[in-house]
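Supplied in structure tokens, the structure appears directly below.
To keep things simple, chains are lettered A, B, C, D, E and F as they appear, and every chain counts its residues starting from 1.
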Amino acid sequence: MAVALAEDLLPLGDLTAALLPAGAEVTAAFVPRDDGVLAGTACATEAFAQLDPAVIVEWSADDGASVTAGSTIGTVSGSLASILTAERTALNFLNHLSGVATLTRRFVDAARAGGGSARVWDTRKTTPGLRSLEKAAVRAGGGWNHRGNLSEWVMFKDNHLARLGVEEAVRTARATWPARTIHVEADSIDKVEAALAAGADAILLDNLGVDGVAEAVTMADAHVARHGGKRPLLEASGGVTLDTIGAYAATGVDVVSSSQITLSAPVLDIGLDIGP
Amino acid sequence: MAVALAEDLLPLGDLTAALLPAGAEVTAAFVPRDDGVLAGTACATEAFAQLDPAVIVEWSADDGASVTAGSTIGTVSGSLASILTAERTALNFLNHLSGVATLTRRFVDAARAGGGSARVWDTRKTTPGLRSLEKAAVRAGGGWNHRGNLSEWVMFKDNHLARLGVEEAVRTARATWPARTIHVEADSIDKVEAALAAGADAILLDNLGVDGVAEAVTMADAHVARHGGKRPLLEASGGVTLDTIGAYAATGVDVVSSSQITLSAPVLDIGLDIGP
Amino acid sequence: MAVALAEDLLPLGDLTAALLPAGAEVTAAFVPRDDGVLAGTACATEAFAQLDPAVIVEWSADDGASVTAGSTIGTVSGSLASILTAERTALNFLNHLSGVATLTRRFVDAARAGGGSARVWDTRKTTPGLRSLEKAAVRAGGGWNHRGNLSEWVMFKDNHLARLGVEEAVRTARATWPARTIHVEADSIDKVEAALAAGADAILLDNLGVDGVAEAVTMADAHVARHGGKRPLLEASGGVTLDTIGAYAATGVDVVSSSQITLSAPVLDIGLDIGP
Amino acid sequence: MAVALAEDLLPLGDLTAALLPAGAEVTAAFVPRDDGVLAGTACATEAFAQLDPAVIVEWSADDGASVTAGSTIGTVSGSLASILTAERTALNFLNHLSGVATLTRRFVDAARAGGGSARVWDTRKTTPGLRSLEKAAVRAGGGWNHRGNLSEWVMFKDNHLARLGVEEAVRTARATWPARTIHVEADSIDKVEAALAAGADAILLDNLGVDGVAEAVTMADAHVARHGGKRPLLEASGGVTLDTIGAYAATGVDVVSSSQITLSAPVLDIGLDIGP
Amino acid sequence: MAVALAEDLLPLGDLTAALLPAGAEVTAAFVPRDDGVLAGTACATEAFAQLDPAVIVEWSADDGASVTAGSTIGTVSGSLASILTAERTALNFLNHLSGVATLTRRFVDAARAGGGSARVWDTRKTTPGLRSLEKAAVRAGGGWNHRGNLSEWVMFKDNHLARLGVEEAVRTARATWPARTIHVEADSIDKVEAALAAGADAILLDNLGVDGVAEAVTMADAHVARHGGKRPLLEASGGVTLDTIGAYAATGVDVVSSSQITLSAPVLDIGLDIGP
Amino acid sequence: MAVALAEDLLPLGDLTAALLPAGAEVTAAFVPRDDGVLAGTACATEAFAQLDPAVIVEWSADDGASVTAGSTIGTVSGSLASILTAERTALNFLNHLSGVATLTRRFVDAARAGGGSARVWDTRKTTPGLRSLEKAAVRAGGGWNHRGNLSEWVMFKDNHLARLGVEEAVRTARATWPARTIHVEADSIDKVEAALAAGADAILLDNLGVDGVAEAVTMADAHVARHGGKRPLLEASGGVTLDTIGAYAATGVDVVSSSQITLSAPVLDIGLDIGP
């Protein structure tokens, strides 16, 4: 937050706000220009608080709430100069994070429309420096969080598996990192089979298409029927869009992941309307 | 950069890369999955360098270059574990910034297609913490930078002008901040007239539509014909999309600004292909 | 501020204050030892607040006020130990910044005494790390701020112009950085002419002496009479002292700049008097 | 250093240097405009190195050297754009710190001219954030460092002694902080006597005037003659100027301290001359 | 590292090293005073490198190696002053982290001596600011890492379970955080049963004593025999010492955890011997 | 503190606390599991405050107080989720620092039991990053602080004296650093004699054993009897344990130092008991 304010204010501060009449006070309303899902309210509050602790921000909606164009979802009161100076920083956070939440909600709704109970997962493809905030915005939008970072669990992708066989990889991982989730990427039906055999806790079905994913689900169910135990978590990934997510969700996978919801979400335009 | 690596690695580092055979070395290629404009190469290089100074990154294309899907635009060589660990951070920067450059280029091309010589301008609606990088990506894409921040020049928006008349505002600004550009927002033809009369250096024609912008240009030219001097820089803003920017550019304005190019640009998908 | 406190306290804190009787409270007065102009009160307040939030600082004069030797201009109340520990850090900020404001005021008064309406401008020659604070102290002293930093506007000095002709330089700058002020240094009358012809927004008349500056002003007025438009802002610089600034100001230039006010200002000695 | 560069460059970098022909290289010379003492060369080198590691800085004089106006004392070679961009930050450090060293040298010379062997001491009155650098510049100028900060030794000033008698103060300090120097301020001959009796390691003779200081020296010598042991270090302080320091030094005190050398030193003007 | 050097050097640097003859160079040897396990070599190298990049550190043993008292395990060469200045910071890291590795190794050996294949696990009881380094030292000592932090997996302790029944807790966790390990603390046999029934991935057997732990293992095996699936990871914790860990390990649990190895490990004394 | 919380929470926060019922509030008690000496309460308070400013921490014992197993020494009230999330960070500080204070107290008591009035001194062997806190914990435990860091006073160890004779070393130090304590290490009786002759302010009697230390004390007393002046502070060091410190203290030295109290102190186990 301090970095975001600094990049907008250094070195001379807000040249324009310095020209406003001293002592002018105002109450302004946060008003979405489009319908969407709210996220990032704590960031917006903090932007004003760091600039001027006397400014008061109040919200009538929480992160995760559906908000409608034209409605007032919160207010900010205090020095006009302070409010205009911090406005853009506050809105840059609020609108970006609400954009993430809004697009996530659309993916969640599209997944549900397809039937099945698959959840929408995010990825590690997040804006540098905003990982924690964007992952929280995904939750606000009704999505779930894939691993937070490289330290959270073991995940073998094709580049790892080119050096380690699946069976060896999973065995080494269990020995080295007790209690961690072991996640294996499979970009073919053969590799799904290998991952099941190796006892992976989760399998990333990568670019298999809807039919390939469905086949993998069937294979996993058969594996459980034969060997007992819990079905590994099945993740569909690759080529997932608003148009296709319903079909993926309908296959019976546990989660469908998309990097679009964090990296390519358009902002939700929320403005600050200052009364006369 | 240190923050971006930390958020992906704390507290235990990359659990998976730790399982790779020690000493494995590799050369990998940066390969775009789509056509676009490159930006952020220095960030990608730095991500690898901070993680492991022994990793070597080389680029065959510079920021601003048009790149084509499937071509190799650079390589990274060194420890397999280091490369896989830093890959996501490097690509998160590279793909986001190249996404900004790519969308900027599309706006620039669309503006040119409309005729006229209007430039594409960015805004202060940037991702918190990434202002400098995104503004550089806009330049890489052929766009130009609006003011960098609140400290760079004076800009009166409607909320300022509700307290200060235009004439008074411009006069005070000249007196307080000698040599600064004075920029005035005008959301009606009447206000354009007032801004011209007040001697603003730049006028933001906000939400006037193509016809309103054209009328403002005519008015400004007439003002210069009558009073001499230089025409203030005219900026069209509001409702500018890829579909409409050509028409705005054709009106004869100097710049057309859009927040989409920084805040809502989809990533350019550039992958890292690791050889066998 | 945290850095300034740390450099005075690490690693063991204030050895001496630790020996004071616990619980001793005191009220102390800020008293200037000389007449001058106040600046930096917010820094002094913050120094005490960061060391001990229970300490209360109140000011009876604002930044920019003229203060007289021996008068009480503010008080600090609270723990004796806390006050003695933070005193030096608070006063180091207050006295340095008030010193800048005081010297600025003397330059401003000397310029006015010369007649004309030239303003006193600072430079980028500021103490590393204190740019924003010193520029604010200049404003408190009645001076004005030159560009805040290298990012604020374009300024061609002799070293740039050795590679780029003036006309080409100004043209390229307008094309690359729309709406920015273009400032050109001229260290001879010929170069003033070139800068006028090139349409610079501001011209730095460097080391021309009072007569040279007067000649340049005449030339600029003639240029406007002939070609119309606004006279570029004319800045006199080089060899400006308290003795000479009046003569420079009388030439009709718009601003006279001096690096002395930030880099070589003696402190205004303000002490903290602790009652019995 | 990173802070100093950032305050001069955020958010868009050096607008002007960006207009220079790509690839232009240059060698420039550091040339003092006045005679003085050099300090801060490592800071200047670092400013260029952080901006562009390919720039090479070489010095033909070390910190502490006397330099003469017009001579070349070092060079910087590399990208013209990089050199012009980092120039001001580098020189702000170099000129300020050389100014401190230069004024210190003048005080040292004036003290020596007075006879006696008193050393020139600095104080804790330093520019916030630059304590370590300014104290090193004092050493470069031939001065010595008083305590570095509040954690370095115990020093009782009048405000402490208003709560603690001198004898009690010294005794408590010895008990609480074994092995530390105990320094006592005395602003009257009576207090000098008390400090001697209490066994202080050092006595600050504050505002006693030259005669008072001489009297105190005599008293301390008599005390040693009577009681044996080492004479405490005697520091003269208050009203010490270039005109008076010789007289103070001639009294036989060990050190004479002045805050002017750090807080009110005019810069030594060292410029960067770039060849044709 | 920068913080550790700063706390040992501010504000004046190393007063003593400044008195050494300029240019003196030396090679010194890292020599353990006791047998132990090495860890933290990268930190020691970095301490010297940050103080003086010209100092060269070379190791003949890697982290995790058993080192013996009196042997040379590495050398540092370069400026005598630099080496003496950075020595303590380097050794503070090296000796603390090697102490952690050494105590871990003793626990690992004691666990093996008890029979069984239980691994030694660390905890989140680490020194503030050193989490990553201490967890790496545990691995160097042959131990394994429990979750890195609160973000890595779900772990219900008694205070959580006082508000949430075990079954509900596990179900909610699976729904909210797909693919995460769900770890449940059980401080009684009844709670072990509940955790097994709820399908926890790991069960912390807290303060059950050796017999209680053995009973829990039997119960878990029976649960698997009856219901199929994988046995949850069983962790013994509480009252684990070098004397008791063998008995705990012999019960058949998967891991035995101890906070002693990070929070209460005595340093391994490694000195720096500088030749004549 | 921010670093300590971040290393326990990045990137997703506390997965488990997020599952607790919203709005649950609680009061919990800090209860030592063993007898000991309290230190670090301000750190524990700050850990909760930074995580959630609405949490209230109150202490019924101050740093330095003896606390007994099973007693309540403080409470924390507020959101259950916040308290459980910050608990470990708060306790990691509190328990480590109380462990330092507790071990210090044991050394202090053992020294007193030996007779004599020697004080217990710490060293610069502290945990990287925690220097200030650990030195404060030593004071809380009744110990005293050796020099805070390399900048505080001059201390010649064997490696310095290998290049500088003792007499030359002390003379140079007095000339270079007026008013500083000059401390000389002596690892033989001959070197003690040299240090006395050179006029050191303090002598470190290193690894001389109890008899050697006693001989040194006698020698120093004889030196004072013969030459007058103050006896230098005598420090016994090397091989000092709880078993031997009494004998060292009985020799008449001024201080006995031990690195164990900071680097190898086991934690004092203080838990947080949350009511039903």
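One rule holds for everything that comes next: contacts are C-beta pairs under 8 Å (C-beta built on N, C-alpha and C of every residue); 3 or more make two chains touch, one makes a residue touch a chain.
Small disclaimer: the values here were computed from a predicted structure and weren't measured.
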Any chain in contact with chain D as well as chain E: A, B, C, F
Where chain D and chain F overlap in contact partners, by chain label: A, B, C, E
Over-half contact-pair match to A-C, picked out of the listed pairs D-E, D-F or B-C: D-E
Most widely separated chain from chain C, with each centre as the mean of CA atoms: E
Euclidean distance of C-alpha centroids - chain A vs chain E, Å: 33
Chain centre separation (chain C, chain F; CA means) in Å: 46
Per-residue overlap in chain D, given as positions that touch at least 2 other chains: 7-8, 10-13, 131-132, 145, 148-149, 151-153, 176-177, 180
Topology of the chain contact graph, where touching chains are joined (line, ring, star, complete, other): complete
Residue numbers on chain B that touch chain A, as the complex places them: 1, 3-4, 7-21, 24, 43, 80, 84-85, 88-89, 91-93, 95-96, 99, 124-132, 149-157, 159-160, 162-164, 169, 172-173, 176-177, 180, 259-260, 263-267, 274, 276
Partner chain E, residues of chain B touching it in the complex: 10-13
Interface residues, chain D side, partner chain E - complex: 131-132, 135-136, 145, 148-149, 152
Complex contact set, residues of chain A against chain E: 119, 121, 144-148, 151-153, 176-181, 183, 199, 201-202, 228-230, 233, 254-255
Residue ranges of chain A in contact with chain D within the complex: 6-8, 10-11
